[in-house]
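If you scroll down you'll find the structure; I have some questions about it.
The first chain written gets the first letter, and so on, giving A, B, C and D; residue counts start at 1 in each chain.
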Amino acid sequence: MPGILQGDANSRSRLAAAVAAEFMGTFLFALIGGAVPAKNHQTAVCNGLALMVMIYATANISGGHLNPAVTAATLITGHTAMSRALAYMVAQVAGATLASAMHMLLVPKAAGIGCFGPGGGATLGQAFGWEVLTTMMLVMAVYSGCVGQPNFGVAGPATVGLTLLACALAAGPLSGAALNPARVLGPALVFGGCGSWAGTFTYLVGAVAAAGFSAPIYGAGPHLGRWMDAVEH
Amino acid sequence: MPGILQGDANSRSRLAAAVAAEFMGTFLFALIGGAVPAKNHQTAVCNGLALMVMIYATANISGGHLNPAVTAATLITGHTAMSRALAYMVAQVAGATLASAMHMLLVPKAAGIGCFGPGGGATLGQAFGWEVLTTMMLVMAVYSGCVGQPNFGVAGPATVGLTLLACALAAGPLSGAALNPARVLGPALVFGGCGSWAGTFTYLVGAVAAAGFSAPIYGAGPHLGRWMDAVEH
Amino acid sequence: MPGILQGDANSRSRLAAAVAAEFMGTFLFALIGGAVPAKNHQTAVCNGLALMVMIYATANISGGHLNPAVTAATLITGHTAMSRALAYMVAQVAGATLASAMHMLLVPKAAGIGCFGPGGGATLGQAFGWEVLTTMMLVMAVYSGCVGQPNFGVAGPATVGLTLLACALAAGPLSGAALNPARVLGPALVFGGCGSWAGTFTYLVGAVAAAGFSAPIYGAGPHLGRWMDAVEH
Amino acid sequence: MPGILQGDANSRSRLAAAVAAEFMGTFLFALIGGAVPAKNHQTAVCNGLALMVMIYATANISGGHLNPAVTAATLITGHTAMSRALAYMVAQVAGATLASAMHMLLVPKAAGIGCFGPGGGATLGQAFGWEVLTTMMLVMAVYSGCVGQPNFGVAGPATVGLTLLACALAAGPLSGAALNPARVLGPALVFGGCGSWAGTFTYLVGAVAAAGFSAPIYGAGPHLGRWMDAVEH
């Protein structure tokens, strides 16, 4: 009997397993990453490693996006089909939202946990700048480590997770270091916009912009990688 | 002359070496992981890395379970035989118990060291929820990294250890982040239930529940991995 | 359509892509590594991991030098041609300078951020000693992990980044642990010599000396590695 | 022109290169690992990672022992010849001693830096117990990751370094977590026994005992690994 994360031979069943993997992976990533109590370097370490292990856990099933910005970038460069991209994004946001709902059950004084916003005296514009640049760096790690040809095979997911870790150590005190629209939308939907729907919207625009900027860096087409091949077929 | 952790060609000798590896691996993992003095992020880092290196040290001998929840999950999905599973679990609990006894010898003011229980204002029910979800995440890492086909080969044990590290950073302050019935039972047997046999029992139920929930996620049968193949034969 | 980081088949286009990769990689490495607010172990972790992931991101395009000391050492040992070496160094310094300029935009109270200099009671001479020895260690990691034959393939960039991390934990409080002339020059150009052009010059001399000392350690010639092969052709 | 760390084809030249690698690797490991100012978890992280990267840097030249306890264990199990083992141990102690001498030059208020001894209320006997058990764990990681067949190839040196990191987090506050006679002898020779020659001698006995205990665990003979093969020939 195949498990939830395994599809039968036909491609419809395989797509369903991939969407389930994106949902579960993003749920567990956001559940763990959003719950770290201390807002300091532990948050960076926990989020980077939680992303890394969940990419490993889902890479061979869905490609391990776990992030609408990654899905959007690979959609733009032709590595992910439109229907699959939409299904992934819905699953990612649903997973992150469930994580925030679970925080209300499992964390004492949970209000606002997992929310993102500027800090350390930074303006919303400065936080926006950090989100754009760090998300571009994350997408660059995805292409070089996992999508490009040649890539770094077994080390690919590690480089993506550690990129988030390093970016969160540097930009975390100023922007929160979301680098992921699902991680922004999940707590915003559960905690009433996390204090500022305008801020939430700014972060989403930053991630979309970063995905758009990333496309001309690695480009489209002939360097379609083995990993994605395995996922699509 | 083969060492303790090497069996002769016949399978009975190989099973004995595997059980010895589970005992030694869990003993050293619990000895190191349970002794970290500061109850903060160092505990998470030490436990995650100690688990990682002990899985590497025993993976080619026993499969590197070192955790009755992992053994139970692989028993349910048909990757571990019943007799082997029982022998592993006894060895794991014995190793963790010896570690707690050793703590009494080697740590000044050792009373209660290595015990688990709710913290940070969390109820026992909330700690139970964290134990179930984080143990599921750990078992998911075991299947994707080590059991499934294709898996991540040489990176598999790293993903399992880093999952514990990330989970302990997030859930450690609330549940202690055991994710392992042997780690709960060892100190409980040595330190009189660690203050609450009901709490200890709750943690054990959580781990068994997580193993049961994990089976339908990755499923049984045709994806039996190379690693387990190597262990069984 | 190939991206910026992909060259066409002809070698002039490939060299341009490699120089672009050195620019972008050094820019993002310096942007993240130079911005960590707390001058403690977080700085070491962030810089080590940011270097690691950017080497992974550029290794298959430019060889992932991201450091004039590495380029100089491989020039001396005959692994990098003179014209390529000069182009790389210009790109590296330009990337680090842009990072410091970006810090002025994106970090509140940015003055002097990312600057290097002696600390913890160390004299400039002691800081010079640490820079020479730690840069030699970094270059040694580059040769053993990435250039030499056999090397450590997929783990090579990780060993280089973790060398910086370990060196920055030890020498960071005394010298700042630059290990990279571009990282020294970038903030010095933007923040008026970082308080001491003599100090800046001392650090640059230290890095050049380390590159010179490293050549007779690993030597030139017949052990030209696969990685560099891939980059040159 | 081959570098210092490269031997010509004849085996005498190759042995000289291996001994030079053990000297340089242990020197840089002790230089970095012994200099971390804060005696807390940063010490553990720095020492674990510095060991890891220096094993990577020397593994293909000398086997990357960098520790007389490792050399002694592989001597007992027949993986290292007696003449090579003696030369390695002399080089390791010389490297660690040079590192301590360098600390006197490069660290303000260097007296006693890098010394080991009991702490946190532990007796010398308790520190001895930790040294024996943690060194056994380290040697176990060496055999499973690097010597045994099958081993973990490219991940081997990482598992050894991370074992030291985890052990130093747990046992560091009680024993200092040397796990290495060269690291004990180096500062003791430079700083007059580090306050207690009896303590120094106890640590050396602990490491030798651990090497002796480790032999029957992994055993001798038919599982001679590829790595050592590559080194010997």
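As a working rule, a residue touches a chain if its C-beta (ideal position, glycine included) is under 8 Å from a C-beta of that chain, and two chains touch if they have at least 3 such contacts.
Model, not experiment: these values are computed from the prediction.
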**Asked** Which chains are in contact with both subunit A and subunit C?
**Response** none
**Prompt:** Just how far, in Å, is the C-alpha centre of subunit D from the one of subunit A?
**Reply:** 40
**Prompt:** Distance-wise, how many Å sit between the C-alpha centres of subunit B and subunit D, to the nearest whole number?
**Reply:** 28
**Asked** When you check subunit B against every other chain, which residues touch at least two of them?
**Response** 45, 154-155, 158
**Message:** Chains as vertices, touching pairs as edges: which of line, ring, star, complete or other describes this one?
**Reply:** ring
**Asked** What are the touching chain pairs in this one?
**Response** A-B, A-C, B-D, C-D
**Complete:** subunit A partner, complex, touching residues on subunit C are 1-6, 24, 28, 31-33, 35-38, 42, 45-46, 49-50, 52-53, 56-61, 102, 105-109, 154-155, 157-158
**Message:** Which residues of subunit C touch subunit D once you look at their complex with the stated criterion?
**Reply:** 41, 45, 120-122, 126, 129-130, 133-134, 136-137, 140-141, 144-145, 148, 150-155, 158-159, 162-163, 165-167, 169-171, 173-174, 215-223
